[in-house]
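A quick write-up on the structure given underneath.
Each chain carries a letter (A, B, C, D and E) given by its place in the written order, and its residues are counted from 1.
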Amino acid sequence: MLINCVAYQEGRKLAHIGLDEIAGYLAKPQCFVWLALCDATEEELRRAQREFDLHELAVEDVLHGHQRPKSEEYDDTLFVTLHTLERGADDALEIGDVSIFAGPNFVVSVRNRSQQSFLSVRQRAEREPQALREGPGFVLYALLDASVDRYFPTIEAFETDLETIEEKIFTPGAARANTQQLYELKQRIMLARHAVAPLQEAVGKLWGGRVPPVCAAHSDYMRDVYDHLTRINASLDTLREMIVMAIQVNLSMVTIEESETTKRLAAWAGIFAVATALAGIWGMNFEGMPELKWHYGYPAALGLIFLACLLLYRRFKRVGWL
Amino acid sequence: MLINCVAYQEGRKLAHIGLDEIAGYLAKPQCFVWLALCDATEEELRRAQREFDLHELAVEDVLHGHQRPKSEEYDDTLFVTLHTLERGADDALEIGDVSIFAGPNFVVSVRNRSQQSFLSVRQRAEREPQALREGPGFVLYALLDASVDRYFPTIEAFETDLETIEEKIFTPGAARANTQQLYELKQRIMLARHAVAPLQEAVGKLWGGRVPPVCAAHSDYMRDVYDHLTRINASLDTLREMIVMAIQVNLSMVTIEESETTKRLAAWAGIFAVATALAGIWGMNFEGMPELKWHYGYPAALGLIFLACLLLYRRFKRVGWL
Amino acid sequence: MLINCVAYQEGRKLAHIGLDEIAGYLAKPQCFVWLALCDATEEELRRAQREFDLHELAVEDVLHGHQRPKSEEYDDTLFVTLHTLERGADDALEIGDVSIFAGPNFVVSVRNRSQQSFLSVRQRAEREPQALREGPGFVLYALLDASVDRYFPTIEAFETDLETIEEKIFTPGAARANTQQLYELKQRIMLARHAVAPLQEAVGKLWGGRVPPVCAAHSDYMRDVYDHLTRINASLDTLREMIVMAIQVNLSMVTIEESETTKRLAAWAGIFAVATALAGIWGMNFEGMPELKWHYGYPAALGLIFLACLLLYRRFKRVGWL
Amino acid sequence: MLINCVAYQEGRKLAHIGLDEIAGYLAKPQCFVWLALCDATEEELRRAQREFDLHELAVEDVLHGHQRPKSEEYDDTLFVTLHTLERGADDALEIGDVSIFAGPNFVVSVRNRSQQSFLSVRQRAEREPQALREGPGFVLYALLDASVDRYFPTIEAFETDLETIEEKIFTPGAARANTQQLYELKQRIMLARHAVAPLQEAVGKLWGGRVPPVCAAHSDYMRDVYDHLTRINASLDTLREMIVMAIQVNLSMVTIEESETTKRLAAWAGIFAVATALAGIWGMNFEGMPELKWHYGYPAALGLIFLACLLLYRRFKRVGWL
Amino acid sequence: MLINCVAYQEGRKLAHIGLDEIAGYLAKPQCFVWLALCDATEEELRRAQREFDLHELAVEDVLHGHQRPKSEEYDDTLFVTLHTLERGADDALEIGDVSIFAGPNFVVSVRNRSQQSFLSVRQRAEREPQALREGPGFVLYALLDASVDRYFPTIEAFETDLETIEEKIFTPGAARANTQQLYELKQRIMLARHAVAPLQEAVGKLWGGRVPPVCAAHSDYMRDVYDHLTRINASLDTLREMIVMAIQVNLSMVTIEESETTKRLAAWAGIFAVATALAGIWGMNFEGMPELKWHYGYPAALGLIFLACLLLYRRFKRVGWL
């Protein structure tokens, strides 16, 4: 679906143009075209390929989708593809693709399977004519910056999830649910890592050292995006490490709890075993058991049993088994 | 076994040729020969060695088989060897070898212990004369691309296997089978890693920086193959990490389940211990036990025992032990 | 909040100056201005930005706070941002920011959400005119050095915390508290790592090889700061490794303790089971049980039961179950 | 012990020579001397040092033995030392040393504490005069190649050991022996790693980039040795990873088995507890227990007890506890 | 404390000199001064600083002590600091410092909190005038070599400790002590790593590539020291890995042992439960229990109980529970 296609000159919007007019505007000096597609059909992509002379391999990557995030140069066109992360139903993570072609005088952005519109990016860019004057490089930066900024809420949601689980780890009885939630959180984090880690590597090629010509003037900005990705990556690494720890701690708590249960079981079993053994002894059928004939024999026996149990109970209480 | 041997000139197939004619066609300008062998005998390989002047060490590697995937240059001939992964009976992974010699005017591909034919690669290449005109480099790319693409179903099968196990992890009672399946999956993944990781390294030498002359014109294509391998490798790493996690989680679930069993056991043991102790007390042979002679003594005793058990039962129910 | 703003010339303090006078002093030769802000408002920062021509991205980083520690060059101005670590209530770690802009003739230091004043740094610098004469580079070093030195007490507190827990690991009964404390310590250490590891990387860019001009004359000093960070980082790594080990050891101790409890339980259960079984046998109602009618039958039975229990008790004692 | 000392010229054996004749042959053009020692005494080594002008530090390394595998250049002499791995009694791994000095016109090989003779290497070299003509570099390659090839059986023995243990992991009752064998296998693998990993690094210096002059003509061959070491190293890494996994899985299986035992114990305890409790109730001495006087009271009671036990038994059977 | 201060010329000892004479001897050609301090006071260090023009930061490092091992160049003086490891009371590891300043015509060695004297190093150096003639570089090497050689006994003590624990791991009952000893061994190994790993890095800067001028003539020797450190580091890594494994295996053995205890408990509980249940049944007060009146009823009952127990006992024996 074509979202819009606009021609810019010296930072100002010239016109919304049709696909047929692209070639004409590309020929004008100081002018560049920004085409935005969403859930693009093969036909639309092939049309854009012809208009902007995009490389076959890059276009195929967009068509197949689910590529690893990367930045690749094909002659003077830079191709960047990245994942979007959206929180769908049931906290499941939904992965979409954003692909950007940035040439000397055009930008093509393709957004597939993602709800996140880039309209705000275009508006922001059009409000800053002095930046937009710098051409496709700035648009590329603005798109990358917006995409990366949208990772933060996802990462924060992960952190909130982990904190919620952490609070329950030291509460008895939630071990089963905790384990399952930690495992699912780990799965979501692995998905996010597949989006972030290769993108960091890809953006790292856009500043410092030899840089694609289209980004040459925006090293400081690309470094800023890179820096955000480094921060996100560090957060993901910490999350991974804490989840491994949390799983271990959770298992520890289960073992500790079981150990306490075993002790309590042992204590009560001991108390009743004493009562049963004593009752069993006085239930024997020997003839010469004088205490059976005593007047207060029964209450004394009951008392003795009770006393033995009480003593045991207090002893277990003292050592912390009950 | 010789599959076929074809001479090409300027992207068009000249003829199916016999081994005797090879030397003649190699001498023609703009012409190259593509020889395909399958489960090659030593005799066939030695013949090919003589015809194309292949390096002794590389030929020995093909003969011995089970080499680590690698790309090596011997003078102007590039030697690439890689593993094929096929799912055999019982989900076992079967490893085959594909070895490719790519020289200035020939390609020799040897496929050993593998069912996967490269006929489709040859057909695709012959349908694209403009690509085939570029010579052995393109054929090498097409063979690598096809081989790497064939890894994807294997990786997806691993992912499906893991998902199947994951679903069972949180179902009680499947721990033993889960553990065994996770271990076997891990073994298969290690085999796959031995195929993929060194191949990624090997393909990495075929683009960017200094490149063997035979691939010089196909850097973009080799980068694409490399990119696929990076993706596969990342998937394998995630699988490894998730399996380690799954084993841990599985152990956690067993421990949690055992803890719950212990509690249930403790609860029922307690209930019966109370009944037994009470019955034991009234089974004592003391003389002065007035309640034994009461009219409703027995039903009252039964009631009391039942009541005590019921109270315990409800209490255990409330704390979640039953 | 503006802490103070002082102009220096050839190592001597010229005057406390107002914000309006900055431009004048910046124009003087051999003169530099050191502005210190604390919990700066946006207005103050924007003013400083105008006076010293600070880069937009760096100023935004200061405004947003919670940046990853880093050192970045914007033209001839070096921007360094780092975290402060303070121990708040409940041993929680409080993270603040310190940002430093060092240009050819000015230093701006901004301290946010931190109690640690840099007054002592200024006093020390003013006491050493020969060092201060070297300009903003020395001030930058002094600020970094003071900030890094303030990490040491935090790291030592971590080490004391770990030692306190370690002492309790081999004491029975503290497993639950140990686990929780180890987990919390791990969380604090992860926070500290986020402060230290990226800062080490950032300071690493300030000495050796190509260096920002403002630090060019202070490589030996920057290397000293770097060295301290390496030491802190190594301590944090050791702490991490020991915590992982401690969690494992703690779990081992719980399992060992449980195993001992199980054995003791088994021993006492066995002893009482023998008494109960024997009593049960003599409680049977068979007619032909001659021992029931013996004169010393009852004491003999009691003695036998006691003897059996005693033998078992001693046996269990000998094998270490009791 | 001197094994043999032979002078070669242009690939052909000139003569078995005495130590006194070495200097004479070294002076001849196109001639080189290959001295082989075994469990060399200090005297023999010092003699060789004088004859071939070997470096003091290298000779001391040979004398002390137990060096880390390495390749070092001393002027125009290359010194390579490596470990031999032999399977001794009780599957213990026996470590020996092989040290090789390769100069422009001599090779000295010293084999200590190893049964593996290099006679076959010399025979093979003498059968290939065209290769031997290339001088000490080829002899060095042949010795390295033979040494590295001898690692393969050891690695395969490790793999067989692991497979043997793996088969037993999922068989109940072998956990103790499995754990011990896995631990011992791990120890042997660590020993092998100390032999292989540094040797890979050492051989890596003998091809590609700047290379010691004595190997300059044999890069392809050294790369082949390097490749074998890479393969061995990858196998060792896999073995390590699988052992860690196997230990975990083994522990899981013990826990699962224990869990099953606990359940079975719980089931039988429950069944007998019911029987005992019921028997206890009818063993009470109340007067008004009409069922005691019924004609079929006793068989009915036995039947009831049996029925209750049977019901429980079938229930436990159904849920898989028995 | 000043140990001694000696001037050397062309490899021969000139004289023991006082601190006042240093400046005079430094001025002589081909002459160098070697000053050795032990537990140096600030005054002594400051004096040495003035005599040899040592850098302020390096001297402060010596004064503060507990530095990370490192080698740093200050102009033409090389500063190396390292840790000594000594086994104190209770196997605790005691850490001392050795700091060495090596300039063009002097060596200052400072040894703090260490019992290990360097007298033997001086004697060895003075016995080898041809080596000592090479000046401060050789003295630096001799001091480093002696310090590193003194690590070996510590590492061997660690290995012996681990072996002692390993032997006990597979003996039942020692789990608690093993765990504690493994943890303490781990702590000592971490301390040793802090001494060895940074020193390896530091020595790595003293050979190969660009080297401080004072070591330029001793690359082969420094490589030898580096090699020893690599070997020590590899041993420490192996120790760490084996300790982690040993902790795991130890936990496995505890779990296995507990599992065996549980089975034995289950077996005996089962046997006594059968006896008690049977006795309970014949203890019931039903009237129509004919077997109670049989002449051999009682012995038959006892026999039956015994038989049932025996059968169970043999069954449990057969499955290995007893």
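One rule holds in what follows: contacts are C-beta pairs under 8 Å (C-beta built on N, C-alpha and C of every residue); 3 or more make two chains touch, one makes a residue touch a chain.
This structure is a prediction, so every number in the text was calculated from the model and none was measured.
J.: Give me the C-alpha superposition rotation for chain A onto chain D, in degrees, nearest 5.
T.: Rotation angle between the two copies comes out at 145 degrees.
J.: Please compute the C-alpha centroid of chain C, do the same for chain E, then give the distance between them in whole Å.
T.: A distance of 25 Å separates the two centres.
J.: Which integer distance in Å separates the CA centroid of chain B from that of chain E?
T.: 40
J.: Out of chain A, which residues touch more than one other chain, so two or more?
T.: In chain A, 248, 251, 255, 258, 262, 265, 269, 273, 276, 280, 283-285, 289 touch at least two other chains.
J.: Round the ring, from chain A on through chain C, what is the full list of chains in order?
T.: Order round the ring from chain A, first step to chain C: A, C, E, D, B.
J.: Going by the contact rule at the top, pick out the chain C residues touching chain E in the complex.
T.: Interface residues on chain C, with respect to chain E: 166, 169-170, 220-221, 223-224, 227, 230-231, 234, 238, 241-242, 245-246, 248-249, 251-253, 255-256, 258-259, 262-263, 265-266, 269-270, 273-274, 276-277, 280-281, 283-289, 320.
J.: Mind pulling up the chain D residues that touch chain E in the complex?
T.: Interface residues on the chain D side: 55, 57, 67-68, 70, 72, 74, 173, 175-176, 179-180, 182-183, 186-187, 190, 194, 198, 244, 247-248, 250-251, 254-255, 257-258, 261-262, 264-265, 268-269, 272-273, 275-276, 279-280, 282-285, 289, 291-299, 301-302, 305.
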